[in-house]
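The same chain A turns up in both complexes below, where it pairs with chain B and then with chain C.
Here is the complex of A and B:
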């Protein structure tokens, strides 16, 4: 009798907890459904509709748009989008890790000032900062003129309107987003571990590579995602500082939706892009799950009863 | 405590906005919602129209015909009068999106140039549209740095200016220029013509810094670019500010475009919309508008009211020889996709 009562009591408590959990997650769940899931499904659906030549969506269903997107014509743009984004991510990590490491080592009194310096450029509008780069890299600008005068740069090399400019400006806009998560991870890192590694005979670089980098891998992973994903979808930067060969997938999607009046092809390209973005993330998450599971299994088999 | 304070503030704000709603508007004036291109109308005229008709004019801006069209197609309503380019007005009319105009409510339509209507216009009888401004595409260059250049589209093949030239990021205009250069019409969608145009474009592309519709205006002024293809109104506005720049109109042919006022079937205030179109066709108002935009209103009578220095302005009064070389962009229906594929191929290489 008594046992039954406690059981129902526990169940009621459990149900109550479950209900409150549902209620707590409901707003974000609704938000994601309304503004992420439904639009994504619509994009994927429109990709299979027929286009009417005046620019609308017709009633029929077709594979033509998807086929045309998968045809060779877009492989060039796709390849450029991927390699530019990967290059940008690599450069951002190469710059962001040392900066994050350095800031985390500073006296806490100054750390926040240093972080402020990283963030301050974000107070200025994104487009205005890109236009500032156009001034900086201008062919008659101070930078190029002085480099040409010093003989470092030949006269027929321009800094603007090429893929190099796209990479430089994208790295510039993404760098704060790489530094912040790396710093956040590095701040929690126990730097005495590095000293321990040195005591055990590791070289400075070896300690950095084998102790520090794995120690902040979550920060590095977050930084990779927050740089790579926006870079893959970038549109304004290639448009403003890119040249005749600077187009990326984002620009193609915009052209299809407006100038070409072909919404299904725009949708097919957009769907394609989101698949490209989702795949690596999904693979990573699966791999991580497997690692966690194998760790748990290893512990169990070693007789570790603490959960 | 804090929550109480916030609540009090919030209720005060709510009360204030309710009061504003009740007392702010008073008897509401009729509203005319205009949907058009930016910097394309003299705001003094708009204010005068508001005074004359005791109404309020709200202007909303689009930057491409296609964007405007897709917004309307997606259910955008509330616009009383819209200013698409002729080819798009035709598309909209064919889709039953436009009201038939009542010309008896637009008496000033008699001033519209019959020659322009018969030569260029798609809607020759002003059944659903009234032409507003004519413009063309030409080439601006930095005369101070490179001297006089010949009037031909072939300048873009000159390697001397490599990396310092731009063409429009508009497939119809840029492919059109290549078609003109090969001696074809810019609306020619035959496979041979397009194949030849592609060859020409690929040659030009090697020398271009960019395909661009906006930055070229600042770029040509600042010396970043030496030669740019652009729209006449934009180019004349830039030329007025920089005396070292000049322009030329390629001898092979130029594209002309005409923007037309139309009234969508969903308009709330059709009478006022007719009045607005009529107001802008008035020769005095057209003259004022031309001097503001540097584009050409097809109202010959307006020339009387334009100031002396602008009476022969090449943007406001298109010279006869140019007018003869000009061609209007037409909608190609299903053949649009050929132009799209060609443009993809040119840009992707």
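Here is the complex of A and C:
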């Protein structure tokens, strides 16, 4: 009898806690529903509507837009979008990891100044920075003119309006967002572990690869996500410095929506892009969850309930 | 005579700070050698120089007669147990211990055999799959030792390995370290600021202070016969008296006049001549307490007043006042403590000591 009462009491307390949890998360939940979930569903839904020639949506349902998206015409752009984004991410990591490592090793007094240097470009408007790159990379610009004059670059090489320009400018834009999470992880990294690895016979490079990189893996994952996802959806950079060869999926969506006035097809493309972005994130999150679960299980088996 | 491991004239600066001043000493094969000193005395720097993490400004380091001064840490047959253990947090115990042999490129079957063997030695068999953050401090400590020893180092460096453990665990780990040392026979250099650890573990101790070695010797030599005032005060408790040699009795004994206390025959190890200023060190337990001068027959004795009594179970610590000097006296309890009359506050007593229980240190001008 007594035990039963205690049990119901505990259940009530549990339910109460659950309720307060719901109430606490309700505002953000509402926000996400209104401004993320519903628009996403709308985009997915519009993809199956028929197009209105004046640029709106007509009555009725059709698979025409989806079929059109899956046609070969887009595969080239899709492939370019993916490989450019992956290349941008790889370059950002290749630059961001050494920079983050180096900043973390500096005297704390100077670290914040160095971080400031990383962040300062972000104070200037995104579009203005891209236009600055246009000036810099322009065929008659200072950079190309002097390189050609010095004979370093042949006269028929152009820097602007090609895929190379898209990669360079996207890397420039995304690099701070790669450096910051990597630095945050590196700053917490215990550098005496590298000494321990060296002590146990590892070369500098081996210690870096086997101890430092796994040690900051969370920072690397975060950097990958915050670079890869915006890169996949980039629109302004390819539009302004990419030329015809530098077009990406984002530009196609914009063209469908504004130039072709075909909203369903734009929506289908957008949905397609969302799926492409969501898949790697989902895989990553699943992996994270598995790691967390295995750590929890290990702790539990160790009889350690405190952590 | 060639030492197994040797520092020769090591000098080290951190910026403008001179942290190691012309230090030379050797370590014999198979011994546990302690570097003992207060924090900031340069002992950890010596260890880091031995491990290859610091390069001395001048001087040389020899291991087995080979000059290793400029060798990178990964090229030395020396391994380190770090103060914070420095276990790799993303690897389980097994992979942590296997790190060295794997890096050396040993086949996985051989690695497995060695790891199992090490897990047995540190008595953590079956715990290989645990992650470092799921085991206790003492277990981490043992894993760190195993991870170092699996590489068969010629020399194992231990940097304050017990500092992070609580008292009980520290005592247990001291025994464990001794057992592991007996089992593997590797030469250990053990850095600590804890004289108790150094005394109970070491074959020999080097006492460091202010970047120099003050004394090297067995624990008993260091305790019973300190060379400098610093060593006498850092290792155990002692009473210091300023004095002057006032006469010679025979080759080994002299008369020392100690401030206002009087003149006493004392052992004169350094064969100091008359007039030399000295510091006299007498350990608290070397004193005996008597009720009258007659009982202290044949000993040096001073009349004193008991001003404090601290009962500590196995012993009692007395503070007595003799002619303005506060003297610390430690009396071991013998049988029938409660039945015999013990000195108490305000008692007039005689404290007595044997002339050979005196350590005479040549006077050092304050540094």
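Here is the rule we go by: the second predicted complex is superposed on the first by the 276 of 307 C-alpha atoms of A that agree within 3 Å, B and C clash if a C-alpha of one lies under 4 Å from a C-alpha of the other, contacts with A are read in each partner's own complex, and residues count from 1 in each chain.
Here is the rule we use: a contact is a pair of C-beta atoms (placed from the backbone, for glycine too) under 8 Å apart; a residue touches a chain by one contact, two chains touch by 3 or more.
For clarity, every value in this text was computed on a predicted model and none was experimentally measured.
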Legend entry - Which of chain B and chain C A:240 touches, first, second, both or neither: first
Legend entry - chain B versus chain C as contact partner of A:107, first or second or both or neither: neither
Inset, instruction - Pick one for A:28: touches chain B only (first), chain C only (second), both, or neither. - result: neither
Inset, instruction - Would you check which partner chain A:138 touches, where first means chain B only, second means chain C only, and both and neither mean what they say? - result: first
Inset, instruction - Could you look at A:202 and tell me whether it touches chain B, chain C, both or neither (first, second, both, neither)? - result: second
Inset, instruction - Identify the partner contact of A:125: answer first if only chain B is touched, second if only chain C is, both if each is, neither if none is. - result: neither
Inset, instruction - Using the superposition described at the top, list the residues of chain A that contact chain B and also contact chain C. - result: none
Inset, instruction - Give every residue of chain C touching chain A within the complex, in rising order. - result: 51-53, 72-74, 78-80, 82, 84, 86, 88-90, 99-100, 103-104, 129-131, 133-135, 147-148, 151
Inset, instruction - Mind listing the chain A positions that touch chain C in their complex? - result: 190, 192-193, 195-203, 206, 210-211, 214-215, 217, 295, 298-299, 302, 304, 307
Legend entry - Of all residues in chain B, those that touch chain A in their complex: 64, 66-67, 69-70, 73, 91, 94-95, 162-164, 170-171, 205, 208-211, 215, 222-224, 333-334, 336-337, 340-341, 344-345, 347-349
Legend entry - Partner chain B, residues of chain A touching it in the complex: 53-56, 73-74, 76-77, 134, 138-140, 156, 158, 160-161, 240, 242-245, 247, 257-263
